[in-house]
Amino acid sequence: MSHTIQNKTKLTARVRRIAGQVDAIERALEAELGCADVLQLVASVRGAINGLTAELMEEHLQYHVVEAGSEAERQRGADELVEVIRTYLK
Amino acid sequence: MSHTIQNKTKLTARVRRIAGQVDAIERALEAELGCADVLQLVASVRGAINGLTAELMEEHLQYHVVEAGSEAERQRGADELVEVIRTYLK
Amino acid sequence: MSHTIQNKTKLTARVRRIAGQVDAIERALEAELGCADVLQLVASVRGAINGLTAELMEEHLQYHVVEAGSEAERQRGADELVEVIRTYLK
Amino acid sequence: MSHTIQNKTKLTARVRRIAGQVDAIERALEAELGCADVLQLVASVRGAINGLTAELMEEHLQYHVVEAGSEAERQRGADELVEVIRTYLK
């Protein structure tokens, strides 16, 4: 994940927002909110995690496949992406 | 989410573990771990969120549908669950 | 799936539309359409399958849990739904 | 999808198996199988569709990105894949 400083800052901010959403689930459990409300908060974390996954896959595709420094690196970057795709679609 | 004190403690512990997994993603970004490793951590959070969702849906089904105090409450509990199912399968 | 004749007709029509969508994928492969177009067709089947799953889960919840004839049937109907939820969220 | 004749034959066979699985759902509805059994058949189609999606994405990545004939084609192939990733992870 050494793409660019700018991307790293953006990704870190995104992960911190997800951490905040997870804390909100814990507070909702403490406050004994209704099931439906808690499940809504959990669904929002799931959406944010999916968005983060897409962002990371896109960056990997761009920096480690499209802009790879050699044919060998390009193939390795693609093979890594295939592993991730299989994890998500098994 | 006022099912039982025991369940609440168990669910809270589960959400805290997810919070720890999200922190691990942030640390992995800081440490500039490879994309594939970061994506693996993100996939593990996704799995944990799915597990939490299943747990919450099962509890809701048991306490607010199966063991509901009246026909009206049972129908309302089922309608809430239908909303959640649609959110996850749209 | 013995809920009502009306529901059965509606569900059968829905499954036939999905069969038609799967045939469209086969024709697209034969016609050597671009990857992106084929993947779009596959995504539409996935959406239709998710919609069918939600429909079946909702019917099961209504007929075999909410309107179950006895406490024992209600619990059995709920346990079957829990199995399905786990399959989808594992 | 003009990758190779061999791949096309394999993919077509795979789509035909999915068509057979969809027919099995229709027969299960006709035979008034239990909800849980029907949902199990639907879950197996969902799994097969996810597997087909992964296969198509991997082929696209290999033929239209890794082995693209020019930088411009490589970028276009990657952009198409990004569109698909977003569809699946939105």
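Per-chain residue numbering starts at 1, and chain names A, B, C and D are given in the order in which the chains are listed.
Everything that follows uses one rule, which is that a residue touches a chain if its C-beta (ideal position, glycine included) is under 8 Å from a C-beta of that chain, and two chains touch if they have at least 3 such contacts.
These figures come from a predicted structure and were not determined experimentally.
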item	value
Between chain D and chain B, distance of the C-alpha-averaged centres to the nearest whole Å	28
Distance from chain D to chain A - Cα centre to Cα centre, in angstrom	23
CA centroid of chain A to CA centroid of chain B, Å	17
Touching two or more other chains - residues of chain C	50, 53, 57, 88
Arrangement of touching chains [line / ring / star / complete / other]	ring
All chain pairs that touch each other	A-B, A-D, B-C, C-D
Touch list for chain A against partner chain B, complex	1-2, 8, 11-12, 15-16, 18-19, 22-23, 25-26, 28-30, 32-36, 38-40, 42-43, 45-46, 49-50, 52-53, 56-57, 59-60, 64, 80, 83-84, 87-88
Touching residues (chain side chain B, partner chain C) in the complex	50-51, 53-54, 57-58, 61-62, 65-66, 74-75, 78, 81-82, 85-86, 88-90
